[in-house]
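Both complexes below contain chain A, partnered by chain B and then by chain C.
Right after this comes the complex of A and B.
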């Protein structure tokens, strides 16, 4: 029987990160993954990640995946694809199906990093072709280059629903509406805002009544729900769509831990049935670890750190690193993990109603209800100033752990400070040179450069633009406000693309100056 | 759920009882609700009785849905129900491959 120091099930962010740390200590590591491609969810994530430098913030998910794979390969980690772990036994024997045979392998330590599966909801017509998980839509678009449909309704306003809605539009689909049974948007406000300003209406407190169609989806009816989640008669709305995307949460795929005999718990805070683990990710069976979504649903960024911690802990266990050195490395990772688990969306904050930011600014209620900050709310946030000439306008209104904008500005116009969840503030003493680095660096696409008065009755707004084909200088079209409504005509004054912007182009549009603080998106079409 | 004498409210048909919950085995919501009234109080029993979660996807789609339906029928919180046992093979596997499985083939 083959033996390894560490056997890892799942080559996603947690599994690969653990493999890297263990291999760095000299361990012989194998990673099995049932998919044809490694990387787990990372390779579907075409957006820029949040966090700070140590969390690989402002790097796109698939690039992080490429980095991890390259690092693992350099360290001699064996990654076996198309291999299905079908059994895990308490004495750390793993059975894995590879091609047409079952292999038995034994590990001195084991890491379960199998991730999560998508939740579903039932409604009449939910088994029709065209009803798919948001993750499935991402797989089709971002891994296989296949458009899931033409007109889509998204159910779910968590980060998955918001991010995938945006990606669907980037791929060329029309997102006709975003619905969620919850009364408030669940994901980051900045993700919601970038979807809303493209013109997608948000229907909170709405659920799907039924999907129409005979052999595939041809339409969907949603309706408003009351406090008991029952649809209020007369509130139904119908949309012609060919695709219904469900982004209603994830469940840990923890069955391997269960069958190995690890002590399990059903923990709503972790989104389901998970192994009980200690601070190093070790389960109740010594030497069997769990990391990433399988031990509690979180972001890929935290999965990577949990993986690293488990990898180091396994190395300590087998004596590949001294306890003192290992603990020191783990402490560094724990500090990074704590940095991520801060702010309004921290794991402990789930379901809590927040009315004020850490700075004491009232949260935008419109953002929570409709996906965008209302005109009469935006002025109270510290990122909004009205200097003369070009200056950044930072529409970042919730405390999330993210700070690339602060480092991006060569002139230090943007201040967040040590506490990475603080709202970015504009330092008006420093002069903005209009380089746009902040606009491109903001993972939430929430930073704009505005010249409120160009002296000729117009204002110029530079916005992050990630759609193709790119408009060209001189193109005429309409400016959309935060809600995605056409507010005025606009002309493209400049389009900048640079390697440093990493595929976020900076589009500068000229609008009448009274729209300087309203116009936030450009659409190339004739004004109505 | 070990209280076998648990008294349930009478079975009342619901308008969406014919909705399919387990897609692989085509089990409806009504069948699951009826099974509870037939005395299947645990998820393992439901699985053996109806084959929910025993098909191609091995319960990846319906496990949580079935749990919710059974919990509501019993009047308990979903997390009070113990999940059905996990055992090898974790994923569907062809019998000819499983049959060739010899311990220590090398």
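Right after this comes the complex of A and C.
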């Protein structure tokens, strides 16, 4: 029987991070994963991550995955793919199904990092081909280059629903609507805004009445729900779609923990049935750890830190690192984790109604109900200023743990301060040179460079652009407002792409100056 | 349909272009990609029909968890097509219940 210092189930962000920390301490580590490729869901995450430098903010998820794999390989971590951990027994014995045989291995410590699975909702027609999980859409388009459909309705306004809606448009699909039974958008406002400004209508307090079609989806009917979640007759709306995408939450895949005899709990704050763990991720069984979504649904960024903590804790337990040195390393990781768990989307804030930011600014109600900040709401946020000449306009209106914009500006125009969740403010004393680093660095695509008056009756707006075909200088089209409505004609004045922008192009459009604070997206089309 | 060029990912790495059959009809796909992706590209939506009610099923989770996309591959039923790599010459058939044989009459 093979023996390891640490056996890890799951080669996602938590499992790989734990393996790296443990291997750094000299431990013999194996990571099993049932998939043909390692990295868990990281390779489907093509957006830039939130957080600060230590959380790998503004790096796209799949690049973080590549970094983790390279680091694990350098440290000699053994990653076994196409292998399913099917049993976890007393004395930390593990059975793994690899191809068509079962191997029996023993670990001195075990980490369960099996992640989560997608939730579903049922409605008439939900089993029809064409009804897919949001994860399936990501797998098809981001891993395999296959278009999930031509016209898609997204159900779910959490971060997954919002991010995947945007990704569907990047892949070339039309997202006809985004619906959610909840009365308010669940995910980050900045994610919602970048979807809304492309023209996707949001239907909050709406659910799917039925999926239509005989052999596959040909349409969908949604309807408004009352406070008891019943559809109000007469509110039904029909859309012709070939795909319905479900993004209705994730549940921890904690069966292995349960099987091992770890003490479990049903904890709504962690989104399901999870093992009880201490601050190091250790379960009720000494030497068995759990990290990442399996012990409570959060982001990949926090899963990586939880993994690192568990890896170090395992090393302390087996004596590969002194308790003092290990605790010091863990304290650094805990500080980073604590940073991510701040703000209005922190795990402890789930389900709470927030009306004001930490700064005391009223939250945009339109953002929560329709996915975009209304014209009469935007001015009250500290990122909105009106200097002469080119200046950043930061439409970041909720306290989320993220600060790359602050470091991106070489002229220090943008201030967040020590508190990572503070709303970015523009320092009008500093001169903006229009380099656009802030626009490209904002994971929420919420920063614009605006010259409100170019002196000839026009204004110029520079916006982040991540679609193909990329418009060219001189292209004529229309400007869309935050809601995605065409408001005026626009001409492309410049398009900048640079390695430092990491595939976010900066598109500068010229519009009549009265639209300087309204126009936020460009579409190459006939003028209105 | 395939995405030829993606604004973030660029172009996709693909295996060799191979032929396979779907219910006897010859189709093309890239070796190594999941069978379900090659079928999706070809516009195939229905992978199987349920045994009792003859209801269509297709791709749902695309990561091998839900088993909605199982088909008969080279004579073997219940193969998860979303995680089984495509090989040249594979014979893939719509699955009816747990076989490749279509029931005598419509059951609905």
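In this text, the second predicted complex is superposed on the first by the 528 of 528 C-alpha atoms of A that agree within 3 Å, B and C clash if a C-alpha of one lies under 4 Å from a C-alpha of the other, contacts with A are read in each partner's own complex, and residues count from 1 in each chain.
Throughout what follows, a residue touches a chain if its C-beta (ideal position, glycine included) is under 8 Å from a C-beta of that chain, and two chains touch if they have at least 3 such contacts.
Keep in mind that this is a model prediction, so the values were computed, not measured.
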item: Which superposed partner A:1 touches (first chain B, second chain C, both, neither); value: first
item: Which superposed partner A:172 touches (first chain B, second chain C, both, neither); value: second
item: Partner chain(s) touched by A:60 [first = chain B, second = chain C, both, neither]; value: second
item: Which superposed partner A:127 touches (first chain B, second chain C, both, neither); value: both
item: Chain B versus chain C as contact partner of A:30, first or second or both or neither; value: neither
item: First (chain B), second (chain C), both or neither touched by A:135; value: second
item: First (chain B), second (chain C), both or neither touched by A:468; value: second
item: Chain B versus chain C as contact partner of A:117, first or second or both or neither; value: both
item: First, second, both or neither for A:144, with chain B first and chain C second; value: second
item: Chain A residues contacted in one complex by chain B, in the other by chain C; value: 34, 117, 127
item: Residues on chain B engaged by chain A in the complex (per definition of touch); value: 16, 19-21, 23, 29, 60-65, 78-79, 83, 85-91, 93, 96-98, 100-101, 103-106
item: Interface residues, chain C side, partner chain A - complex; value: 1-3, 5-9, 12, 14, 33-34, 37, 40-41, 45-47, 55-65, 68, 82-83, 85
item: Touching residues on chain A, where the partner in the complex is chain B; value: 1-2, 34, 84-88, 95, 97, 100-104, 117, 119-124, 126-127, 251, 253, 255-256, 258-259, 264, 266-268, 272-273
item: Footprint of chain C on chain A - complex, ascending; value: 34-36, 46, 60, 62, 117-118, 127-133, 135-136, 139-142, 144-147, 150, 170-172, 215-216, 466-468, 470, 503
